[in-house]
Amino acid sequence: MSTNKGNGMATASGLIGKSVKRVEDKRFTTGHGQFTEDIVLPGQTYAAFVRSQYAHAKILSVDVSAAKAMPGVVAIYTGADVAGVNGVPCGWQVNFKNGNAMREPKHPLLVADKARHAGDAIAIVIAESKEEAVDAAQAVNVEYEELPCVVDAFKATQSGAPLVHDDVPNNMCFDWALGNPIEEVNEAMSKASHVTTLEFVNQRLVPNAIEPRSYNSSYDAINDKYTLYTSTQAPHLIRLLMSAFVLGLPEHKVHVIGPDVGGGFGSKCFHYTEEALLTWCTKKIGRPVKWTAERTESFLLDAHGRDHITKAEMGFDNDGKIVALRAKTYVNLGAYLSTFASCVPTYLHGTLLQGLYTTPKINIDVTAAFTHTTPVDAYRGAGRPEASYLLERLVDLTAHEMNMDPAELRFKNFIPPFDGVNQPGYQTQVALQYDSGNYEAVLKKGLEILDYEDFRKAQKEAANNGKLLGVGFSTYIEACGIAPSAVAGALGARAGLFEVGHVRVQPTGKVSVYTGSHSHGQGHETTFAQVVADKLGISMDDVEIVHGDSESVAFGMGTYGSRSIAVGGTAIVKSIEKIIEKGKKIAAHLLEASADDVDFANGKFTVKGTDKSVPFGNVALTAYVPHHYPKDLEPGLDFSSFYDPANFTFPFGCHIAVVELWMMSVMLSTR
Amino acid sequence: MSTKITVTVNGAKHIDKVEPRLLLVYYLRDVLKLTGTHVGCDTSSCGACTILVDGKATKSCTMLAVQADKCKITTIEGMATNGELHPLQEGFNQCHGLQCGFCTPGMIMTAADLLKNNKKPSEEQIRAALEGNFCRCTGYHNIVKAVQYAADKMSAPRARKTKKEAAL
Amino acid sequence: MIVEGQIHGGVAQGVGQALFEGAEYDENGQLTNASYMDYCMPRADDFPMFETGSQVTPCPHNPLGVKGAGEAGTIGSPPAVVNAVLDALWSGGHKVKDIRMPLTSERVWRAMQ
Amino acid sequence: MIPVSFDYQKVKTVDEAIAALSNDNSKILAGGHSLLPAMKLRLSQPSKLVDIAAIASLKGIKEEDGEIVIGAGATHADIAGDKLIKSKLPFFAEGASMIGDVQVRNHGTIGGSLAHADPAADWPALVLAADAAIEVQGSNGKRRIKATDFFTGLFSTSLQDNEIIVAIRIPVPAQGTKTSYQKFSQPASRFAIVGCAVMRFPDGKTNIAFTGVSDNAFRDSNAEAVVSGKVISNDSIAAAAKAAVQSVNILSDHYASEEYRKHLAKVYLKKALQAVA
């Protein structure tokens, strides 16, 4: 067993960077977490779905008469009932190489004409109990005409492949390329003394959050107001997409709450048809409707991840310096375009192909296709694991092919260290500018932890004894906290990528923080409280973090893409800075000094060079009981900030895996 | 057709009429409103629904409520006594053995069964004991540590066992 | 501790991709492993303890100097594991370019034949 | 996740259970760990369940008249932890501890598993290798079915309608008998892709049984013939492996093709033979 071998903290003192116990754990370890499925509303009804058993089939008829007569059935709706309702939208527009917009076929709430993947929803059955809903769903009779299907992205784009959407020729959603002009890359490649070629599949994965997706939607007719409880990573985003794009509801009449969320890994940041459909149904029946996916449904419906077929070539000179990289990838989008599906294989993948290396010429070409499979979207890493897999496999394979050491090969090609302050950021060949990096250092550290020389000796000995040991390296970079909004917008994002942090200091000096980030396991209630307590010099116990509620929090973009601390955390810090600035004015008044002469540290406002000070709590009280108070200053101590970062952040690192192959049956053991 | 059952859950006796097809996990969650026991799958694989039935770790999604007639059940809600957390509950907090918290109740209940039978489990034994409980967040590293923490605490000579722990 | 936890979980998902997980469709478009009895979810006894280290390089453009860690474990680990298996094979004279993920024992066995 | 509605009857004696089974869509509920998952997915839709968990005579493990008698209602955990089993039939304890997970072993029963006859279950190989008899009871009383006659195909056995398994009877092995169970698990379900059970008697007689390999578990007489009565050596092990799984239909699935499964069967037979050498 080992612990983290760190060499320093992000801040020198205080709570930030300290290892503290999580404040949210008590409710989870005692069984008092509140997940969406735990919520039962007065008059609750339950939904079950009739889903296509075929991947591709014409729906000839849907007979609900027998089901309607079953005990407890409240309502049944089919594709015909929601034909006039919009489908769920895609949040990122990618253009074809020729400039045309990508093709966005409708993703209806229920399908009426044909099913396009196994599990496509044909009807929703609402009943008094879960049991009755499931029983009645089984009694709905659907007549299908099964059609041929295609499940592979490459095959889908070939002529004669069955079409997923009649109006999308060759099943092509878009094609796209990035980097240096292909002629330049080809030329550099032609001069390479060694070219490593790798054709591989980055397979399809199922995110598998252990909490299945769950929604509970209700409608208050008196106030014409909807409330949706949803197991989401991004409550405000869901409200925006569902109200403005799907159902056409006034946004202020829709309250979206994300209670405790049992993991997401990307799969819960998308707007799913069931969220909008339940919200549409609740008004129709005038009662709350709840649905929780069964695991089998999760497998068939929660957006999957990855599914790339790639051919990549990396050219090297005699010395092992990379001279060019060329890659062609076929991307499987599944049957419909999920919320962020289009940006994952493009702007989150192609833009990372510089890796940690000085590769002078890079070109990535992507073809994205519809198939008769579950939609594919961001899953933990989203595009970046695909990029790092492409690069790091090529580098290790090259080491074998050129008979070089894989670590040595990397050291030869690393971008030299730069801190982004004294040295500029690093401009890649694939659009991004890295913020700061010291890539040699992480590999050196990894080699130390492994004791590389020792391992190579052990490997030789093992091989002599008929045992196979192996070491694999991966020095990777990622781009987190997509930003700024203007750049993302220019690349096709249909949403802003800022975050909101609202800090409300209560009269007694206690602090409530409202963040647009939404924890689904990350521990924001602890991390953000740490940041706030550190910055204000108060106890973490005096800080409360509120998240996941569209009415408490002004706005928010949610939690995904490793953005919470960098974007959400910074938004909170911005508000704290405003609070300190105003606090200085109040303190200056109390201390009869000039605000410019007041410092804030360790929870105290102090007049520079004196021992005259006033604690944070007194300043807070004064802000709300402004009897002795600066003229022209508003009472209260409450600030909100929208933070739109200047750039992504670029974390990087090194993974080293050591494996032993057990020869008799070839079992792998990781060490 | 409903059947009368009598069960003792976390020390409290309950008499209810239930449909035979009602799974024990739904009886706990929907009838008794003990929502700490979770459902994560439909194939008896994930272990999120683990409780103790007559002291034995049990997947409550794979037992009918009628089968639990006359049984003594402990759920996650019954692990803390008089506001004092069970060493496992403390261990999961101390060792950061949870992230989203959804699998945590099942993990704790399975670990409770292990520690009842094995006071000083090795890392390997802990991992083997938890093979029926999925966690997608932690990579299990800190869960193993949490169970080790609890084992150490429970076997410490000065540790005073509460009545409930002793009974588990 | 929270960051390390993110790394552990991320690595587990990355190693999961490399060694255990993969959705498989048949030619009829049926997901043939749509349950936990068929789709291999990594379990406690599939993993060793992880060893992590850290190297701080502050981000210059935000006041906390922070970067982000939620996905780091998942992004870098699959190629490391696959590279390690291939390195083991090369060390035994099996010059294998690629094995398709997940590296099931059968796929590794076939690569050695 | 919600089974179809059914009737439920809890019985106290085997006779009561047999009487309760009169309806042909009735099923016995023992531990429920094979049946309930199938019912939740609505793959199985019985109209009535007869719960036999309260039948006292089905419980327990004992030695009686030169036989080890395992009650059909013994759970995998009961068997894994039983002293008699550990000393006289150690591979039963090993095999039991490899089934499912702790929670499953706490409730799943040997009788339920045998009656279900999953081609990848562990018990079939073990009872076959141990020369066990499956004692069943029906309206005409009790009868014994030799394990070798019990498994008749995919999920099928020679159990008649209205018959229930009451016990598994194994002749007490002579002193010096060695056993081994070697299993290569399907990584997701942990069922056997290949399970090989070997029982070697002091006189050299060697029983070899496989599960997971074919439609049903089977004794491998070709492999047995190679090593029975002979010294177990590298050569005889290699010869037995060569002879093994020759005349059976070998399964193929997502985790192991026919070819790889065949390879694994030979490898796991080698491991088992090495363990009893």
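By written order: A, B, C and D. Residues from 1 in each chain.
Heads up, the rule we're going with is that contacts are C-beta pairs under 8 Å (C-beta built on N, C-alpha and C of every residue); 3 or more make two chains touch, one makes a residue touch a chain.
Computed from a predicted model, the values in this text were never measured in an experiment.
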item: Most contacted chain pair (by C-beta pair count); value: A-C
item: Interchain centroid distance [CA atoms averaged], subunit B/subunit C, Å; value: 30
item: Rounded Å distance between subunit A and subunit D, as computed from the means of their C-alpha atoms; value: 46
item: Subunit A and subunit B, separation of their C-alpha mean positions in angstrom; value: 31
item: Per-residue multi-chain contacts in subunit B, two or more chains; value: 19, 21, 39, 41-43, 45-46, 96, 99, 123, 131, 133-137
item: Per-residue overlap in subunit C, given as positions that touch at least 2 other chains; value: 1-2, 4-6, 10-11, 13, 35-37, 39, 41, 47, 49-50, 106, 109
item: Sites on subunit A at which at least two other chains make contact; value: 1, 22, 130-131, 208, 265, 294-296, 522-523, 665
item: Chain-level touch network, classified as line, ring, star, complete or other; value: complete
item: Touching residues on subunit B, where the partner in the complex is subunit A; value: 19, 21, 26, 29-30, 34-43, 46, 48, 75-77, 79-80, 85, 88-89, 92-94, 96, 98-105, 108, 123, 134-137, 145
item: Touching residues on subunit D, where the partner in the complex is subunit A; value: 1-2, 4-5, 41-42, 184, 264, 267-268, 270-271
item: Subunit A residues touching subunit C - in the complex, by the definition given at the top; value: 1-2, 4-11, 16, 19-20, 22, 54-56, 117-118, 149, 151, 198-206, 208, 265, 295-296, 299-300, 304, 306, 372-374, 380-382, 384-385, 388-389, 391-393, 396-397, 400, 406, 419-421, 425, 435-438, 441-442, 445-446, 449, 459-460, 463, 468-476, 478, 480-481, 522-523, 526-527, 531, 561-566, 569-570, 573-574, 577, 645-647, 649-661, 665-668, 670-671
item: Parts of subunit B lying in touch with subunit C, wherever the complex brings them together; value: 41-43, 45-46, 96, 99, 123-124, 126-128, 130-131, 133-144
item: In the complex, subunit B residues that touch subunit D; value: 1, 3, 19-21, 23, 39, 42-45, 47, 50, 56-59, 61-64, 66-67, 69, 110, 113-114, 129, 131-133
